[in-house]
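Here the chain labels run A, B, C and D in written order, and each chain numbers its own residues starting at 1.
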């Protein structure tokens, strides 16, 4: 693959759970724009977060002759196979939305650190995000909080759940007389109808909850959960927070359908893409005693004005235009990292 | 005396007694374990609301399952028809949504039926191929949607089928239509006849190919209705690829199993509706007990297997594949 | 009175090499009950199937009321005034009684798209009631009724459309005494309303009692048509059997003595609903004939001996080896062979090739330490197919392509290959042409010579008399008579014990 | 016919990818997906030969992978044995309901697909189940090739040189007649389901050494992949005499080539799948043997 980089357009493979669902299609839109701006070819393989298909996707991409892979895996153990495939075939790889936890997965971590082809990872601080969302809810006066996830055992969900639990612990430590509780999660899949059915079941079983966390799932689960609340006549009575943005978020925020929202993370893969691109170009030297890591910030939206700005700069147009993307491609890693950590609605406004 | 009992045991009333008995059993089971947050009359209405969409699909499935055919592309059709409905609703409002779902569903049905009868490939296989094709077409259709969040029903003025009474009106019309078709047209009889013995049916002058085709069209027409309810219920649809739409085949199919199992009591439609209701009841009961929904699939599978075993077992020495 | 309503002109039917119906020209009068009799396989059912659109006509034509009849399906025939009660099951399970009666003919109750089921059920019920069948409910699913009731429903179905001609193909054996009376009442009624009934039955007294004229078929040919009041049963039998008593087919010796060695002992064998408490011994080198009417339980008996019946009680044992046979694999292992009357379903696997069919029962013998050798299997199959001179393109040919006689040869080949000692042959010459028949009889003689024993279950009386050392006649599930081999044994003797 | 389908497909895609799929490095990658599929197809091949279907194989793979992962913490050999036993039990469960209660196999296995999947998800609620760290060291091509070859060879020998193959085809072609020919259809069918589960249990070993840990979705859709692969390989859906052992080999290979080559030619997933669906339909329409299907269901 190395020799190809000099002769032909680089080809970067994207291994993603789905390039057609809400979040996935946003990711694809962002990456396609970057590829066009940088004159790079991209190729997608959808793996549905099924372990064996995740590892197979890396092989498929390598077989197709990519120079680099960005991947959103579903469990850290899969990365062993992915990194081995990358090493064997001299293909750079980076994770997005995911990182290998050095404590929970020391061996995978060691492999990643020592690999000359594992470039690094761009991810969110899920635990921190979880703590934040719970804090927002508790401060709004909610004391019984239900939780709807999408798929049991998913790595990201588990981190978020940990965050929610920590958030509750913190709150209860600070307010020993006014404790809050978090219910065990139920799982609503990634589609809006299953999301709604599960949310209805949760509320039917726990009519006294005052808040619901819909922890991702690409956005459709949340759409369904809101439909459930509305149809049960509880809109405004149950505070909802989530980690995926919605189409009618402004209205939901205005009418009390939503309490707060974190999201905007579809740019995260862009930075992974930039890292791999630069590694292919030889601009970033991939260390064999570490890797590049970017902690991507969530955007928090709590009012309809916020959302309108978000819609303008993140949905209607992309947060980066061609020129900015080309410029980003020439940044050093530290600059790239800074750019990622800076990304916010204000950041985009300042650039326009 | 014995005669009366055995007569009763084969009658519709027995079928109803059995089904309501089952429903009551599960209701009581969860009610005892979780008296406060399960099975109140208001909640029962909620459960019903959730289950009817699957029952509509189950009704459709029944048409071809009684003929011994199968269709793996139901889920893909739901996705595609919903997305077409949403796309058209952007321009034509309700008309677009309704016609988009129903017409697209029916068209796909005739396409499936056409390929099946023309290519003469077993239905299970032809529909696997079609499932792959339809899923990817849906991924293209969703790209045609100009909305910021494509495939979502964002306009609050187009959500009538999302809640009572319109969702019930649509579903009940579908059930009545199915009852009507089975009872008041030749189709129900012919489907049964083809399922019972295709050769005899043929020699009775029934155009088997034609009625199989009609079976597919009807199935997918009902799937179109289910798509309308599903997309409204969830306020949007997600385009999926990689065979993930197959997950949508099975909920309606379970209702169909009930229908087929209770066919001998002459009450397929009611059995499908009550059957789906029972499944939803169990799901909600488990949530009420705070059992993780992950075990739900386990319970659903087990309950279905028990029901099929009790009602649908073949005679000794019969050939069942 | 003697107005011809239906006539056939030189009608023929070929099934592959079988010439089932040969140049049959017949006339049926309006308002008569016309009996059609003949031995098994003489072409009665085939003739009627062509009349009613179930089978196509190979050549010739039917003329109904002066117009050539050209029907493609049962329903089509109904529309033209012909209806039939078929010999086999003719109703569809899973449908209601009314739906069965009106299948393919719903138009009467269609109001546009709308099928008036209530009206259909009502009319069906009235119809059933008018036949005195009020115990049958029109809206119930037919599976709820017994075989007998289903037959009666078929009769009702066949007579509903006021057809000109009704064919009733061997239905009485399915009916109890009461059912038969109901049937004859219906026939009487049809006759009174000036309809024509073609009535097929093996029960000659019944035929004589209820028909006006009788036509006799033999080997697909019409022998003669007679007036019922001018003949007796003996005369009919002569006409039916008619052919030069083909003694050259059969064994020429009349020595029925066999060795004392008992190779198979059946005691107190029962299968509920089929036969009860059957006991007998089979000797070495014996051909034991078992005869009776089709429903007498003898077919099930053969199956039960082979271990193929569910719910069997009593015992089948091999006294020399001191063991009991309880399952098919055991029966095969200990040298028992079985050919079923239902050849296509039970004797042979149609959808695999000849070679596999021949080797299938012998695989355990052919396997050396459980390992099979392709070449050996091939040679094995080839040699036994050749030995039976199966007419085929090769042993890789699929069995469903073969004619009935050749299928039967394959069946026999597999058991010869297995080197069986005891042959339970149910209807061994069913649907087989004269040449093959002779081959099979010769083979049976040869097997006897070699000390093998044969139980031959047959509905063909001549065959029983011609081949058996001893004949057991069954009636209603029990033995009703025993005959030793003798030159003077007549068909009448046997028939007397059957009916 | 399936050979022609396979060769034709390889030929077409070699041209479309400028020969990239034949590049030696790629052949290795192409094959990496074949192992689990081919092994699990062996069991389903037998099931389909007797005329049945099995939709629960994916869930069985998921559950047996969990069993293997758990037990591998103690001993890898024990893990393989435990996974095979677990698979055999699940297969026996299918076979029992199908044979004993005479319920159509696709109904039974759809029910158990749910049942086993539910268990699988339940067991992974608190995160993926990790296997022993040592299993990753088994992720060597030569080992996977060797194991697959061994399993397939055993299958081949059993089907060709013992009465198994004859029994299966006879039962598939005519169960009643097979019974009267000395086969034991009920026992055989039950055992076939059991063995199929056991084989998939064995495949879980290869599955786990490739992915390292097991999530709730492990093995999802394997059943459909197997169905597609076998049908591409020329397997008649109703089983019987026309089932050929080569269906497994060419089926699994064709499926893998298709799966691997499409992304090389079409960069967008939706297009890949569209083409896959159409190719599948065309190959089946051209190669299916309609003569032996009297009634096409």
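Basically, a residue touches a chain if its C-beta (ideal position, glycine included) is under 8 Å from a C-beta of that chain, and two chains touch if they have at least 3 such contacts.
Quantities reported herein were computed from a predicted structural model and do not represent experimental measurements.
Colleague: Which two chains does the highest number of contacting C-beta pairs join?
Modeller: Looking across every pairing, the one with the most contacts is B-D.
Colleague: Return the chain whose centre of C-alpha atoms lies at maximal distance from the corresponding centre of subunit C.
Modeller: Relative to subunit C, the chain whose C-alpha centre sits farthest away is A.
Colleague: Just curious, how far off is subunit D from subunit A if you go by their C-alpha centres, in Å?
Modeller: 34
Colleague: Based only on mean CA positions, could you tell me how far subunit C sits from subunit D in angstrom?
Modeller: Centre separation, subunit C to subunit D: 45 Å.
Colleague: How many angstrom lie between the centres of subunit A and subunit C, each centre taken as the mean Cα position?
Modeller: That pair's centroid distance is 74 Å.
Colleague: Enumerate the residues of subunit D that touch no fewer than two other chains.
Modeller: In subunit D, 121-122, 124-125, 176, 216, 221, 269-270 touch at least two other chains.
Colleague: Which residues of subunit B are in contact with two or more other chains?
Modeller: Where subunit B meets two or more other chains at a single residue, that happens at 139, 241-242, 292, 294, 316.
Colleague: Which parts of subunit C, given as residue numbers and ranges, touch two or more other chains?
Modeller: Subunit C, residues with two or more chain partners: not present.
Colleague: Sort out which chains touch which and give me every pair.
Modeller: The complete list of chain pairs in contact reads A-B, A-D, B-C, B-D, C-D.
Colleague: Please output the residues of subunit D touching subunit C within their complex, sorted ascending.
Modeller: For this pair, the touching residues of subunit D are 160-163, 166-167, 169-170, 173-174, 176-184, 240-241, 292.
Colleague: Can you check the complex and tell me which residues of subunit A touch subunit B?
Modeller: For subunit A paired with subunit B, touching residues are 18-22, 25, 46-48, 53, 152, 183-188, 190-198, 200-202, 204-207, 218-220, 223-224, 226-227, 231-232, 246-248, 251, 311, 315-316.
Colleague: Taking the complex as given, what residues does subunit C use to touch subunit B?
Modeller: For this pair, the touching residues of subunit C are 53-54, 72-76, 90, 92-96, 99, 103-104, 106, 110, 113-117, 139-141, 143-144, 310.
Colleague: In their shared complex, at which residues does subunit B touch subunit A?
Modeller: 34, 37-38, 43, 46-47, 49-50, 53, 139, 142-143, 147-152, 154, 156, 162-163, 230-231, 233-242, 244, 280, 283-284, 287-288, 290, 292-294
Colleague: Which part of subunit B faces subunit C closely enough to touch in the complex?
Modeller: Against subunit C, the touching part of subunit B is residues 10, 66, 183-186, 189, 192-193, 195-197, 200-206, 263-264, 266, 316-317.
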